[in-house]
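Have a look at these structures, which come just after this line.
Look at the two complexes coming up: chain A is in both, with chain B in one and chain C in the other.
Right after this comes the complex of A and B.
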């Protein structure tokens, strides 16, 4: 890898997102159009100014329509332009903007629109039935698995290996659902939620309980990316994508220790190296790690080098990851609070860092003028991770 | 403070959903998956009550589930070996939901086991049975409970489940940890 050969620096100059909701009346195309329109408006651009479009969306099975990228193109604004869909499961939320980044960083395109969409409510009676199709058909599917099993098994192994208490993990759900109160798009914000609510919520696949899980959701989000050549013509507050990294492990997930996701650490190392981050604990002001389940936030913080293995739970207990803490984590409210329309969580990961680092996060604004953030997503058969380091320049 | 997210979208309640026009369909698609070179051999082994793995002499793993190439070394694997079939629980879950997220009354025990006679993490996902919620733990020694020979068809379900192995010496990481 030659990280020194990148042609152009890349900035985010606009972002948008729809409501995240259990069920929206809008189609996938309509949601994509709404989010893209907001991002373009914020950047002060129209579709004519856009040179290429990246679409991110997770399994076709949610919609029951194949080649979903082609299907959604009208809403994403890709008609008659260089256009591609990328898909890395849950990792799409941070991988789609990475694809946008290389379009611009290569020098090939000046302005790129990134649109992510997920409409999970189409799949009846529950999106879980579509998730069943990601398992190995020979060894796994005859056991009639549920996707929550994977998380339960990983969480159990994580707790066992690093001696992490369930109560500390559940505090992540409390924090994020409370943080989401400040988010105008949130689906599951709850200002009054307590630790007891999470601990006493119904068992799904123990140790996972209902409130440990983010909800399936409909929603879309979008970003406008431009190069260093025109960023300051559009805004005084561009936020720079200074490092990107991604990595994927084998699908043979029963052949590795589930306690620590090494592929996340590898993706983070790549992004940190590119961004010149030597000591993430010292240099990162805000983290938006992927939190589809509460323990995932902790495991990801550890793999991102922001805590030692097992330490993220203690940081949570001590309040260090609160919005006004030492290291605010998921100030957006995360997937647990805002909702989990898989690819569209772009809006609460990279989108949130854009709004936070440019001082536009409103009620969610992290105090202290944060300048550097890291966003991370995770997906496929719990094997993939994407990481972006973002910076505001003085 | 500036706030630029102006959410759009119209949420629908379940009741509204019934009034809003929608189109319902069920895809009719069937598949017959070739199980491949490695898994054909493995599934034939299950029919005979054997757990088979493939060795890779370069990374010194025994691959279970077996494959004809090692994805880490990216080379052809070396030979078939039969494992004793016993193992230890690497991780587990007590599930109250079925594959479609419907609630089930009697929870099922599911998890990953690592087979004895192979390096760490050589294992598969399966059910655990004949064990209580209080007793099941990571590191617990287990053994397969096979379907009777005449009922085995060459499928992962030829093993009904894995149950605690009585009299087995507990492995080093079998220490019970009590959690809330």
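Right after this comes the complex of A and C.
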């Protein structure tokens, strides 16, 4: 990493997202347009002002359209512009804005629109059937595996290695589904959910139960990124992308450390170094780690250096990760509460930090005037992570 | 040495069969698509939306202009008559065998400044089809229309 090669500081000046829902009538293009238009409106820009467009979207097999980055282009505002699709599975939510960041940081483009979309309801009977193809066709697929197996075995190993109690993990699902009550786009917000509801929910592949998992969803989200040259012409509250990092582990999930995601720690180290963060526990005010499963929020907090291994579960039990706690985690409601339209979770990770750090999060606003946040996503074959450190400047 | 041999059949090596487990895909037509298909089915008309700023009529309609992002929410009946922008005469099927009868497919414009619609031509021969041919939509009887692009059976020459 050569920090001297970064030409421009990059700020988020607008964000938008659609409702997240099990099935939306809107096409992927229509959702993309809705989110992109919201982000442009917030930035006070029109499509004409945009120099380049980044589209983030997960497997073509979800929408059921081959080369869907190209297919979505007109809804994303990419017609007749420099345009590229990036895809790192679930990591796309935070990786697409990183791609947007380097377009601007390089000095090549002044204003970049980042749009992420997913329409998982197209895939029948369930998006799970498309996920079946991430398994090795010769070694794994004859066993008829289910994707949840990987998560269940990671969770089992995590609980075993750090002596973590299931009840503490389940509290993450309770917290996030309650946090999502303040989110206008939420799919699974539940103000009354209890620990017992999660513990007694349907066993999927134990220890994973139904309420430990975020729901598949349709949705889109978008950001407008600009350089330091014009950020303050557009808003008094730009939120700066001060550090970005990403990293990927081995293809074979059986070769990885299942208790501690080292690739997340490496991605975080890169982003922290760029942002000049020396002590994340002291310096980070809000975290939006990727939470498709409740235990993943904990693993990710630990790999982000915001808790020691196994400690995130205790912090959760003690209420430290609540919206008004010491370290608010997933104040958006996360994937567990707002929904999981893979790439479009951009809106509840980087989008949420933008709204929180610029004081626009409304009912979800974290108290105490937060200034520094970290957003993280996780994906590809469960071995990729992307991290962004965001800051409001005094 | 597998590297040096040329396999005549891929089944000469040990292999595993697989398929995509996705049973099917379920697509929605979206906000604009729904309006288009309901109008075609119930009223036998072809709808579009127009961006005045860019001077483009989208057929089928869209809720946004892809060039300026304007919201387009007024649907207009563009009529059943159009003009052939380009065409192809398909003679071989997907299996590589000759079709019993050549099929003619065309991109059809509905006046100047419209986007094109892909459809089939009928009541015209490979000898008489040409770019610029004026055509009209032949619709299925109302009782047989289900709100599909095939509610238009084909376009045929007019005049």
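Throughout what follows, the second predicted complex is superposed on the first by the 394 of 394 C-alpha atoms of A that agree within 3 Å, B and C clash if a C-alpha of one lies under 4 Å from a C-alpha of the other, contacts with A are read in each partner's own complex, and residues count from 1 in each chain.
Keep this in mind: a residue touches a chain if its C-beta (ideal position, glycine included) is under 8 Å from a C-beta of that chain, and two chains touch if they have at least 3 such contacts.
In this text, all values refer to a predicted model and were calculated from it rather than measured experimentally.
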Chain B versus chain C as contact partner of A:125, first or second or both or neither: both
Touching partner for A:254 - first (chain B), second (chain C), both, neither: first
Chain B versus chain C as contact partner of A:384, first or second or both or neither: neither
Comparison of chain B and chain C by chain A residues contacted: B
Contacts of A:48 with chain B and chain C, given as first, second, both or neither: second
Touching partner for A:240 - first (chain B), second (chain C), both, neither: neither
Partner chain(s) touched by A:138 [first = chain B, second = chain C, both, neither]: both
First (chain B), second (chain C), both or neither touched by A:17: first
Which superposed partner A:71 touches (first chain B, second chain C, both, neither): neither
Touching partner for A:101 - first (chain B), second (chain C), both, neither: neither
Chain A residues contacted in one complex by chain B, in the other by chain C: 23-26, 64, 124-125, 129, 132, 137-138, 142
Chain C residues within the chain A interface of the complex: 16, 18, 20-34, 62-64, 66-69, 71
Residues of chain B touching chain A in the complex: 1-14, 16-17, 20, 24-25, 27, 31, 33, 35, 39, 43, 61, 63-65, 67, 71-72, 90-101, 107, 110-112, 120-127, 138, 155-157, 177, 179-180
Chain B partner contacts - residues on chain A that touch it in the complex: 15-19, 21-26, 31, 34-35, 38, 42, 64, 124-126, 128-129, 132, 137-140, 142-146, 148-149, 152-154, 156-157, 159-160, 163, 165-167, 183-185, 199, 202-208, 218-219, 250, 252, 254-258, 355, 359-363, 365
Complex interface listing, chain A residues touching chain C: 23-27, 29-30, 33, 36-37, 40, 46-48, 61, 64, 74-75, 77, 79-80, 121-125, 129-130, 132-133, 137-138, 141-142
